[in-house]
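We call the chains A, B, C and D, going by the order they appear; numbering starts again at 1 in every chain.
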Amino acid sequence: MIECDRSGEPNLRAADYTMQELMVVAGAREIRDDDVVFVGMRLPLLAFQLAKATHAPHAIGIFENGILRDKPAGDALYTMGDTPNIEGAIWTTSMMDIMSLLQSGKVSLGFIGGAEVDRFGNLNTTYIGGKERVRIRLPGSGGGSDIASLAGRVIIMMSHERRRFVERVSYITSPGFGDGENWRERNGLKGGGPCAVITTKGILRFDSKTKEMVLDSVHPGVIVEEVLENTGWNLNYKSRIKETDPPTRLELRTIRRFDPTGFWTRNGMK
Amino acid sequence: MQKIFSMKEAVLRFVEDGDSIVMGAALEAAIPFAFGHEIIRQEKKNLTLVGPISDMLFDQMIGSGCIHKVAAAWIGNVIMGVGYNMRRAVEEGIPRKVEVDDYTNFTISLALHAGALGIPFIPTKSLLGTGMMSGRMPFQEMDCPYTKEKLALVPALNPDVAVVQAQRADEEGNTHYWGGSGVTKEAALSARKVIVVTEEVVSKKVIRRDPNRTLIPGFLVHAVIHEPWGAHPSPMQGYYNRDHEKYMSYYQESKEREGYLRWLDKWVFGVKDRGEYLKLLGEEKMKSLLIKRRRKSLTVDYGY
Amino acid sequence: MQKIFSMKEAVLRFVEDGDSIVMGAALEAAIPFAFGHEIIRQEKKNLTLVGPISDMLFDQMIGSGCIHKVAAAWIGNVIMGVGYNMRRAVEEGIPRKVEVDDYTNFTISLALHAGALGIPFIPTKSLLGTGMMSGRMPFQEMDCPYTKEKLALVPALNPDVAVVQAQRADEEGNTHYWGGSGVTKEAALSARKVIVVTEEVVSKKVIRRDPNRTLIPGFLVHAVIHEPWGAHPSPMQGYYNRDHEKYMSYYQESKEREGYLRWLDKWVFGVKDRGEYLKLLGEEKMKSLLIKRRRKSLTVDYGY
Amino acid sequence: MIECDRSGEPNLRAADYTMQELMVVAGAREIRDDDVVFVGMRLPLLAFQLAKATHAPHAIGIFENGILRDKPAGDALYTMGDTPNIEGAIWTTSMMDIMSLLQSGKVSLGFIGGAEVDRFGNLNTTYIGGKERVRIRLPGSGGGSDIASLAGRVIIMMSHERRRFVERVSYITSPGFGDGENWRERNGLKGGGPCAVITTKGILRFDSKTKEMVLDSVHPGVIVEEVLENTGWNLNYKSRIKETDPPTRLELRTIRRFDPTGFWTRNGMK
């Protein structure tokens, strides 16, 4: 029996798409039609473009350089500052205006990435080894910390490697749930915190009480053990783990329209 | 007062050793690469760079040794990832130790906004619970006297120099800009000296025909530099697109210190100004970056 | 979601008794007189008006008895001086007692700015040493934790409704505005509900052709009211000039309560909507206010 | 002997101009060519237009509705929001931007008016009789208090009447020098405070030490005693009081170009 995707065509096999393409699809599926999305760059940007072109035509995308769009850009984007991202925008303005929307609770969803994440969804994108004993100096927060602190819900996208999934990050650039229950409330953070971590191996969510990460689905071809091995703590997982829905043909065609050279999705993870 | 200067004269006259300079405030677009390269050529010393992100310009400047400190939200190469010069400087002190004051995009905006507003700080709900609240950073926690909620205070920044890269300005520095402007206005209003680098110098009549397009008023501006393609390889809406390849090749070239020095010799010290840089870049490349699909704004009426 | 409403429907649906409403945020221009008059006609109750100055609109509304409180920097008639209804209400409680929270233009801006920014307060160097720091006003004095200087804290305002009077908007509420905008953007970004009153409803393409002209993004907007001449007698850049005579005659007419009531009967209750108001105003008068000297903006290129 | 004005023509006599016209001229003469002027409305607006057209062509005018101009408007203005004040401006923007310039010390001069002023230049434009026992409720501060607090120097223009020139205002809307020496410093005020009071009878300035108002000149046809009688405290005056220079013909012609109907300057003080 051949399984079919949502467009009625036979399911794509893992060889037909890259892991980045699957992540973009998973990201896009988190976007609701009524979301105001703080988009960012790289895979999230493609996820937003894909969602707009498919199931979330009314979603709004905002970019911290001062852009609000309600339709995908007319050409491939490498950065949010690229000329096609300005043309046809609804609003081109300042970062202060965009961040006002974020801090006043008008942004329902944000995407961030990171070099290190811990069991409570805290991200480190600044100092590997901690600030006092810097082993690797990474670029820093950008807008990531602001989104993590202030957006209604937050989706983390990153590569699933044991060195990146650590028990406790050595430096919090972008706050998740700190040390667990009530930490955000105690620290006065407004936003809802992370709701999903989309990795190269699966999708993880957070226990509503303990705020610990829980494995929710594995990508096609990935087994649970592989995820656990690549996670630096005893990862909780549901008794019946789903398999992440593969991309549909339509989704894949759409992604390839927005990333025609495959810079983001077919040359490996940046 | 004559405000038109060549890039060389402007950097000579308005950038002093030890200055703090905010640049690249529009994020990935309109980055004053030509200005940064001239600073490197003139071997300025002990500068502090301020900006949200600056794409790879800050990394290039750090590698040259003229930078003492960076106050920014992100330092690297936007489409490629890390900046190798920044890593070498922070991790190994090569070519010299560089301090980093870690901000977020929002909080560097707020710092400049407070500076522009003439107040010593502004409160925020960002930063709380992060590593940026600790160490020698100047952020403080406060309980709101009205709501009792926790707040982080961001002290004002007032840089010595703001460099504004724009599409057009008149000889007095009245500056039109379109596209996302990031934190450009706050940067200019907070700084002691403002320098505008512009694709075109236009008559004041052009400014007057659309005063809502003005981002910076000329009375705050000390120098206007007419430097077409001054933002390359970053994009300039209406003038040229982003040269993605340049970011990719710089990323590869700068992986090792030697490669960076070769890049520096070729693209900065090997040319005396932006004119020579563009010759080196080549007409064909420039042509490939030109705007292909014009998209003119509609007019509005300012009459009475 | 359908956002186009008639003035009547919009006021009925989006203005509730007891609401705080920020309007007239662009100061002497683009004042939503038609909106204010419809509020009076619908006999809304216990409203709080918020705004820097509002020229004579707030005075007209106070006289009708629908206002419980005004939070503003100035209440009167800009070219003539005092507002007699405001005086009667505050001094004598006629037709009812009205409370006034006294701000300055800057500090009402800061209050709305803080509201827009989502922070509970913002510090300022204004207000210090003035009568506004005392009494039941919410301003507090604070010693700056960084500089030790004295500061006044302005708590955030988040009005229930912001009314934005603009030149053009699309059906989703994406709004273009040109001219001095005062505190319009902060008003809209701080409010729970945003209502746009526009001279023209345009296609979204018009908005997209010049996104830097956008003052308010549509996703914040609850209602769009197509109401040509909705700002009369205040001016609307590109559409009509200020009708100075109206301010002079209202000043005279409203000196006594009886005169005001006659004015009210004629210009508010005597017409069912702005269409009838304009008929009463007369074609000749409208013609005299039209833009005589067109002054079109130059275009810019958003292409890629 | 016929005295001549600065344009070489015979001096105008008091009958040739109104008191408002003289005040506009006196206000204009306070404007320097390098000033950034927070203009306001009414007579100051005319003073700015006049200065620009005569001795201060480089002065810059800013208006709190969000306007920056470097040339007079093309038509008569009744308010700063009038359409001719926007056309031909250099910058049309928000009040926050304008007030940022003011609070950050970039505005060298501001004009304000008032209903009541006291010996230290404090103005009341809100509550005559004080806030607790309101006798007359006036319109309030507008931007006046901000200008008085924050501009480099401040010029007050008002009608010289005993009920308006009071020993101590019952409510400070716009701070002058409070109760005298060092009061502004003690209260953390940034701007320099008032430097001149231009009235319908003369021009008053402030003692650099005591910060008390001192009569500096009387308008043509006004005697010192008349000023003293119309002032509610023992006004100090210089031993040799100057006479205010009358308008020149050029100045008068210019004012009448900007106020063609005489609304502001020939129908009496509003």
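Points worth noting:
Everything below uses one rule, namely that contacts are C-beta pairs under 8 Å (C-beta built on N, C-alpha and C of every residue); 3 or more make two chains touch, one makes a residue touch a chain.
Being a predicted model, the structure only gives us computed values, none of them experimental.
Among the remaining chains, A is positioned farthest from subunit C, on the basis of C-alpha centroids. The chain pair A-B and the chain pair A-C differ in C-beta contact count, and the higher one is A-B.
Rounded to whole angstrom units, the spacing between the C-alpha centres of subunit A and subunit B is 28.
Centres computed as Cα averages put subunit A at a distance of 41 Å from subunit C.
If you average the CA atoms of subunit B and of subunit C, the two centres end up 37 Å from each other.
Centre to centre, using the average C-alpha position, subunit A and subunit D are separated by 59 Å.
Counting partner chains per residue, subunit A has residues 67, 74, 82-83, 86-88, 92-93, 99, 102-103, 150, 190 touching two or more of them. For subunit C, residues that reach two or more other chains under the stated contact definition are 118-119, 124-125, 149, 151, 178-179, 185, 212, 237, 241, 291, 293, 295, 302-304.
Pairs of chains meeting the touch criterion: A-B, A-C, B-C, B-D, C-D. Put simply, subunit B touches subunit A in their complex at residues 26-30, 52-53, 55, 72-76, 78-83, 86-87, 90-91, 100, 102-107, 109, 113, 124-132, 134-135, 149-151, 178-186, 234-235, 237, 241-242, 244, 291, 293, 295.
Contact residues on subunit B toward subunit D in their complex (touch as defined above): 115-119, 174, 185, 189-190, 204, 207-208, 211-212, 214, 217-220, 302-304.
Contacts from subunit A toward subunit C in the complex involve residues 36, 60, 67-68, 74-75, 82-84, 86-93, 97, 99-106, 150, 190. Every residue of subunit C that touches subunit B in the complex is listed here, in rising order: 118-125, 138, 140, 142, 144-147, 149, 151, 153, 155, 167, 176, 178-179, 206, 209-210, 212-213, 237-238, 241, 291-304. Residues 41, 63-67, 74, 78-83, 86-88, 92-96, 99, 102-103, 124, 126-127, 131, 134-146, 149-150, 171-175, 178, 183-184, 187-190, 263, 270 of subunit D are the ones that touch subunit C when the two sit in their complex.
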